[in-house]
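Here is the structure we will look at, set down as structure tokens.
Letters are used for the chains, namely A, B, C, D and E, taken in the order the chains are written, and counting of residues starts over at 1 for each.
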Amino acid sequence: MTIPSEYYLILSAILFFIGIFGFFTRRNLISLLISTELMFNAVDINFAVFNAYSHTDYLEGYIFTLFGIGIAAAETAVAIAIIINVYRNMHTIHIKKLRELKH
Amino acid sequence: MNILNLFIFIPLSMLLALFISRNIKQIRATMVTGSTLLLALSVYLTIDFIAQRNAGVSAAQLYCDSWHWYPTLNICYSIGVDGVSVAMILLSSIIVFTGTFASWRIKPQTKEFFLWYTLLTLGVYGFFISTDLFTMFMFYETALIPMYLLIGVWGSGKKEYSAMKLTLMLMGGSAFLLMGILGIYFGSGATTMNIHEIAALGNIPVNIQYIFFPLTFIGFGVLGALFPFHTWSPDGHASAPTSVSMLHAGVLMKLGGYGCFRIAMYLLPQAANDLAWLFIILTTISVVYGALSAISQTDLKYINAYSSVSHCGLVLFALLMMTRTACTGAILQMLSHGLMTALFFAIIGMIYGRTHTRDIRKMQGLMKIMPFLAVGYVIAGFANLGLPGFSGFVAEMTIFVGAFSIDDIFHRVVTIIACTSIVITAVYILRVVGKILYGVPTDSEHLKLTDATWDERFTVICLIACVAALGIAPMWMSNLIGGDVANIISNIQP
Amino acid sequence: MQFCIFILILPLLSFLILGLCGSKMPHKLAGTIGTVSLSVVTILAYTVAVIYFGGGRGDEGTFPTLIPYDYTWLPFAGTLSIDMGILLDPISVMMLIVISTVSLMVHIYSLGYMKGERGFQRYYAFLSLFTFSMLGLVVATNIFQMYLFWELVGVSSYLLIGFYYTSPKAIAASKKAFIVTRFADLFFLIGILIYGYYTKTFSFSVNETMLMAASSMLPLSLGLMFVGGAGKSAMFPLHIWLPDAMEGPTPVSALIHAATMVVAGVYLVARLFPLFIGYAPDVLHIIAYVGAFTALYAAVVACVQTDIKRVLAFSTISQIAFMMVALGVCTSSNPHDGGLGYMASMFHLFTHAMFKGLLFLGAGAIIHAVHSNEKSNMGGLRKYMPITHITFLIACLAIAGIPPFSGFFSKDEILAACYNFSTTMGVFMSIIAAITAFYMFRLYNLIFWGKSHYEEELAAYNAREREEKPHKPHEAPFVMTLPLIILAVISSIAGFIPFGEFISSNGESYSIHLQPAVAIASITLAVASIAIATIMYRKGDSKITIYINTHLKGFIKAAYNRFYIDELWLFITKKIIFNGISRPIAWFDRNVIDGSLDKIASMTQKLSNHVRPMQSGNIQSYNIWFLSGALLLILILIYLA
Amino acid sequence: MEETTNIIIFGILSLLMVAAAVAAVISSKIMRAATYLLFVLFGTAGIYFSLFYTFLGAAQITVYAGGIVVLFVFAILLIGKGSVDITHTSKLRYLAGLATSAAGLSLTIYLIRSTSFVTGKFSSAGVSMEKLGNTIMGTDKYNFVLTFEVLSILLLACMVGAILIARKK
Amino acid sequence: MNYLQFLSMTPEISLLGVFVMIFLFDLVATGRYRRIFHGIVCLLLIAHTYICITSGEEQTLFGGMYYNNPMISFVKALLTFGTLLVILQAHRWLRGSYTYYKQGEFYVLMLSTLIGMYFMMSARHFLLLFIGIELASLPLACLVAFDKYRHNSAEAGIKYILSSMFSSAIMLFGISYLYGITGTLYFDDMPTILTGTPIHIFSLVMFFVGLGFKISLVPFHLWTADSYQGAPTVVTAYLSVISKGAAVFTLFVVLTKVFSNMVPQWQTLLYILTVASITIANLFAIKQHNIKRFMAFSSISQAGYIMLAVIAGNAKGMTAMVFYILVYIVANLAVFGVIESIEQQTRHGVRRETINGFYSTNPRLALLMTLALFSLAGIPPFAGFFSKFFVFMSAFDAGFWVLVFIALINTVISLYYYLLIVKAMFITPNEHPVQKIKCDLYTRLSLVICFAGIVLLGICSIVYINIDKLAF
């Protein structure tokens, strides 16, 4: 055991905020989704790391990560379904065009 | 069965009956029956109350009753009346009764009009009979909200603006009020919502009183047209239909004064004493300012609305003097103002219904065309300017005598300033009388107009009779009020 | 004495009957109801007087003060209350007689004068109301009751002045009368409040200890009350309403604005005389000076007026001022030693009511005949209306102070009292008396002598210079001349009533004795004035008149315009109060107070527009807000922790 | 020695991940972005392996890399042309986004650095399948059968929903 | 390994039963049986609500992961009741040509979100909580995008799901730190460790935003209006009351159970968010002409008021909160019921101009709408007044005087915009008002229930008293 847990945490934080950055700046719905995946992924790392480093007695973080992956998959599936639907309706998945609902 | 419950029950049944009524006859029958019953009931109540008092029943409140409503929050449906509330109930019944006739021919949506009207009535009665802070507040707001639709739908002129303004300002006031009520409740240790129990506890810390007295007082003061929160009154009155103006000026504005007395001052006596000066100044301004504003108005209802500002200012002014006489005078003034303003608005509404204008520059010589209404207007005017023989004189004199009995320069000066209002009142009343009633009719259209119909005559005569009755024989009313005012005052005075 | 309540009830009943169902009644019936009820009142009043004065004096040598009725009408806290009652003492009994007599005369007279007028019933109703209020005022047992009736009197005066409600002048006059007196009443009220607070009662009879305790505040209180009295009694500068009040029907002027209501102020001071003399003699003297000035002012103005009713109005002001002066010059309550004025004042009040009533009624008859108020439409009327002429002359002589007519006696007492007070005051008042004689005979000559306007017009008509035939003046009908005659008789003989026997400042008997010097001087002055007036005005405009007119043009114009006091008042009310205060306040209310609320509302709306871009429709912006909000919250919380 | 190796491996891995992540959010072609995402996911699996959570790593690869990324690819292909244009957003929002994320990141890192997390004993033994099975299927404390079952409902519902939305008729 | 514990979770199992039955019915039923589908669903839900209410004994299952007690059962029943109302209103919409074939899916998705909410409220473990939240949002996203052939619906759906995923990610981030700090995800074990250091605050806020998103508090609210507007009206109704109610209750539980040692921190947090939510939502609502967007802002503002009860964080606050949710359900659903009816009639989105003169053609609906809006505005004697009052009382009791005052001032603004709607219906003239609407039986039933609720809930204190007895 040599790598301090902090490193992992910082790594995950960086990934997380890169995801957020992507979420804020991309203009395509699928890219937004990709960014969200980055965020989920970063969180999963956190759980795993905390479990492995700090709270090793039980597998809470482990399970959380495991289930989190599943949930992320489910979310992605739903989101992609909706994106496809959006595309069918509007023939674009460009964020800029998704502004019928505003003000 | 406590007969006070009938004051809730009858309007409720009226609401139901109105809801299922099919034609105008049924609506009118419902309204007449209901309002007559209410009037009879309140007359009975008054008589019985006086009889009980004469028999030596000296409890602060009679017909008391209380049901737990929200027991964990100490909210009860508590009712009870003392002389002051009896007087107010009587006033309300008279106005409601006459208001029904004043809106005899209201169109369109007669049924809805009376539905909201009755809801308003319900709120008013509820407010006067309840002795529980929450219940009281609930009825208070119940009485306010129908105003919006009553003015907005059936009003005239820029009704939507006025209705909105009135409602928002009054609701703004009740926001203050709610703060005050919560402050009182928690300040007194959150053990009871009953007004009398809180007063008996008398344990609200002084610093809390300082915060919540102004809130409560302003909260009620907005409805009592306290300067500078009075501006809803001119617009609201000007746009409201006749009977709504009557009810609003006649009864609703009294809720303000009553609440100031019954809640703000009664429950927060220390702060009331210490901060009275501030509000005395405001009310003095109200009194003079309202009257002066009225002089240069050209719309009949505006004149009367400003006049109401002045007169209601006098009510609050007198209450703040915190002497028995002045407060009795304040209650008398409420009655008197209620009756005569209702009379005024009734007649103005009738005139407006014929001439379709309220601009005093466009009317002249109405005395020739509609003598009955004109005479009624003159009488209302005399009552308003405090002619002996009408209620205004009695009330104003009681107030001034009471206010003058406080022996310090400040109170003396404000009293004298307030006194000047009686001169200013004469100016604007006579100005209107001279302009619109006297002279020769100039508008040829006006010559075709007719005098009052039977329902209008009935309304006017009833109100004049009441104004005169109070003016000629004030002592029974003064006695009815006086003792109970003294009860409250004794709690306020240090 | 219990029946005296009917003196009040009858007019009230008559008012209610006429007021409520008058419009459906024929004129005759209405007139009859009014007149009959008043006749009964008059009879009752005389009965009361006879019984009262016949009952003799009490042990202290004074007439007892009777209070047959006294009810608490409106109790206040403590000992204060407004009572309603009837108080009979010499002056109130005297007032009862005056009011009922003049009122009855006016009622009878009006049967003819108002015949066929629209609103005849209303007129009688108002007359009854007025009579009721005036009677109530004089029998008041306490100051508040007096105030109450005082207001009622004011209102009935308002209603009667504005009787011709289609005439703009009448409307303006009635409004002015009411508001000016109301303004004065404000001070009256404050005076009452002070009085009530310090003496713990509103009653006239206050015990000495209370008074002593209140003595520091009494002068103020009494002074304020006098302002109220000054308003009703048209003392300078509150007199402006009275000349205008002549817009009302002439009999009303006779009743209200000559004989009864306007002397209420005098009556008030007389009623409070013991307090004035005991605790506020300085105030009393101020009253005297105000009165003296008013008397002079009104007399001068009266000399140049052309409207005969206006002349009479100013004359009234002047005469009332005489009464005020008489009260004001009292220095003690002993009639033999400085208290003479009290009696003189009351005496003059009595005689003045009769002869001034007569003058007005006579003027009414003249106006009735020529259909105009202006002197230029009159002249030479003696041929056409002999009865009016004679009675008018009697009244003029009475007011001028020529013996044996009543005015001489009462005025003489006043002058005597003035001389007792100070010579200056005496001389001053004597001069005014002379002026009085002058303007009255100016008026008399202009009306009854000189060139007849009718004849001129007739000549013009005959010479085909005029289209329509002029209206020929005619003597008034019997119902109108009868009151003239009755009043003329009273005016002639009333001077011989031993007035001092009944009324004096301390209630004890006082026998009037003329002071020869004063009497002779005043007679001489009066006769001289009459002579001048006769020379100047008997035959139209004489040389002297023209001379004076040209040389005193400015003064006369100023006097004709009443020295611009009205304009001053107009300036104050219209320019300062209406335009300078009321309008700005109304503007302030609409634009500042209401405007600021509207501003808040519109600012909220604006703010609402400003936050709208936040809702751009772009989820990325949404989530930037989302995250930055969260981060900000974290920072705030960490900072706070 | 082993430590150094670990650190070096970790360093490379993390650099790779960060680089891939950055590339994923800035590359202008969406297919490439998806590919970069795949790298990050693999990297994450590597992290799990380095923590000796082999099962987790395997799941990561199967579900994420094998499932989700494939889903993405399908979606991208399905949408085709619509997915090409993925230039970045307006300057203002770009800066705002950058600033916010940078602020968030620095705050987080600051907090991580200033906090000392509890350190237990790091075991390189990994997790036995039995323990994992017991944990997932057990009903006591620290066992997760309930969540497992609820997750199944979630997946069912999402399936229903996704099919509903995505199917043509 | 006591799997019998599953059977003890009566509400969940019962709802799952309903879920399965509907699922199966959808598979097998054809032709005329489908006509009674709606009725059957409603009956099943009624039966389930009954079971839910009666099933309330206190129990802790699965080693403290799941907790149920009468209050939670009651809230579950309450939400089911609300769902029932929504489904009743959905009848005509579901009969539409596009939705007719997806009826079964509609029920399934809706009930699955309801199950999610059940677990959200019963969760005493963050993983269960998280899965519950996801279960409550993901199918909901499908529901939002349910009108597949409407642009708006799709757009709303994507906005909803992306925002939802974003917020879940952030919440997970927060939870991960909570886990790191405390070493456990069981609520009961956490409070002693969480004392309010910066990292604790960080995780608190990060966790909070996930629920803040669902409750749509400012500044986490921006998705609300768009999604509400685009979603099918019944789904909007569902989003605005049921989903929100569950989230509020959950928030209350988490704050009081997990962060019980960080009371000042989360009170401050709520303070800021309440003020922001109420004020900003009011500002947005003033100028809003689209009624559904308008209702979105109204619901944000209402959420702010509910926070007044949460901020007190005691039993009284909980009573006030649950009562508020109850009243909010009936009042808001009444409004949405009317909107739905109008929409079905006009086939267009409802704007304020649309309902000008509504009263002249549809007096009953207009009256109901008015009463509902009055109730939302807190006008007596309608239930909303009582619920608002109690909420104020509890916040005032906790010492938040200024907060209460700000909220009160805001009620005036909110009254303004509610009255604008009333004005449109009653006062503003319109040459072509909405034609007379003939409501179907189900909608009518739901509107009657809402009406009864609006009128009676406040006046009959029995409901409140019973809630109060349950509060913990």
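Here, a contact is a pair of C-beta atoms (placed from the backbone, for glycine too) under 8 Å apart; a residue touches a chain by one contact, two chains touch by 3 or more.
Quick caveat: nothing in here was measured; it's all calculated off a predicted structure.
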item: Set of chains adjacent to chain A and to chain E; value: C, D
item: Shortest path length from chain A to chain C (each step joins two touching chains); value: 1
item: Centroid-based (C-alpha) most distant chain relative to chain E; value: C
item: Chain at maximum distance from chain A, centres defined as averaged CA atoms; value: C
item: Nearest-to-centre chain - CA centroid comparison; value: B
item: Where chain A and chain D are represented by their mean Cα positions, the distance between them in whole Å; value: 6
item: Whole-Å gap between the CA centroids of chain B and chain C; value: 37
item: Between chain D and chain C, distance of the C-alpha-averaged centres to the nearest whole Å; value: 103
item: Centre distance in Å when chain D and chain E are each reduced to the mean of their C-alpha atoms; value: 31
item: For chain A, residues contacting two or more additional chains; value: 9, 16, 19-20, 23-25, 32-33, 50, 54-55, 58, 60, 63, 67, 71, 74-75, 78, 81-83, 85, 95, 98, 100-102
item: In chain D, residues with contacts to at least two other chains; value: 89, 93, 96-97, 100-101, 104, 107-108, 112, 117-118, 120, 142, 144, 147, 151, 154, 158, 161-162, 164-165
item: Interface hub residues of chain B, defined as touching at least two other chains; value: 168
item: Chain pairs that touch, as defined at the top of this document; value: A-C, A-D, A-E, B-C, B-E, C-D, C-E, D-E
item: Residues of chain D touching chain C in the complex; value: 89, 93, 96-97, 100-101, 103-104, 107
item: List of chain E residues in touch with chain D within their complex; value: 1-3, 5-6, 16, 61-66, 102, 105, 108-109, 112-113, 115-116, 119, 125, 127-128, 131-132, 134-135, 138-139, 141-143, 145-146, 148, 157, 180-181, 183, 186, 197-199, 202
item: Touch list for chain A against partner chain D, complex; value: 1-3, 5-11, 13-28, 30-31, 33-35, 37-38, 41, 44-45, 48-50, 52-60, 62-63, 65-67, 69-78, 80-85, 87, 91-95
item: In the complex, chain E residues that touch chain A; value: 126-127, 130-131, 134, 138, 141-142, 145, 148-152, 154-159, 161-162, 165-166, 168-170, 172-173, 175-177, 179-180, 183-185, 225-227, 229-230
item: Chain E partner contacts - residues on chain D that touch it in the complex; value: 107-108, 111-112, 114-115, 117-118, 120, 137-147, 149-151, 153-154, 156-158, 160-162, 164-165
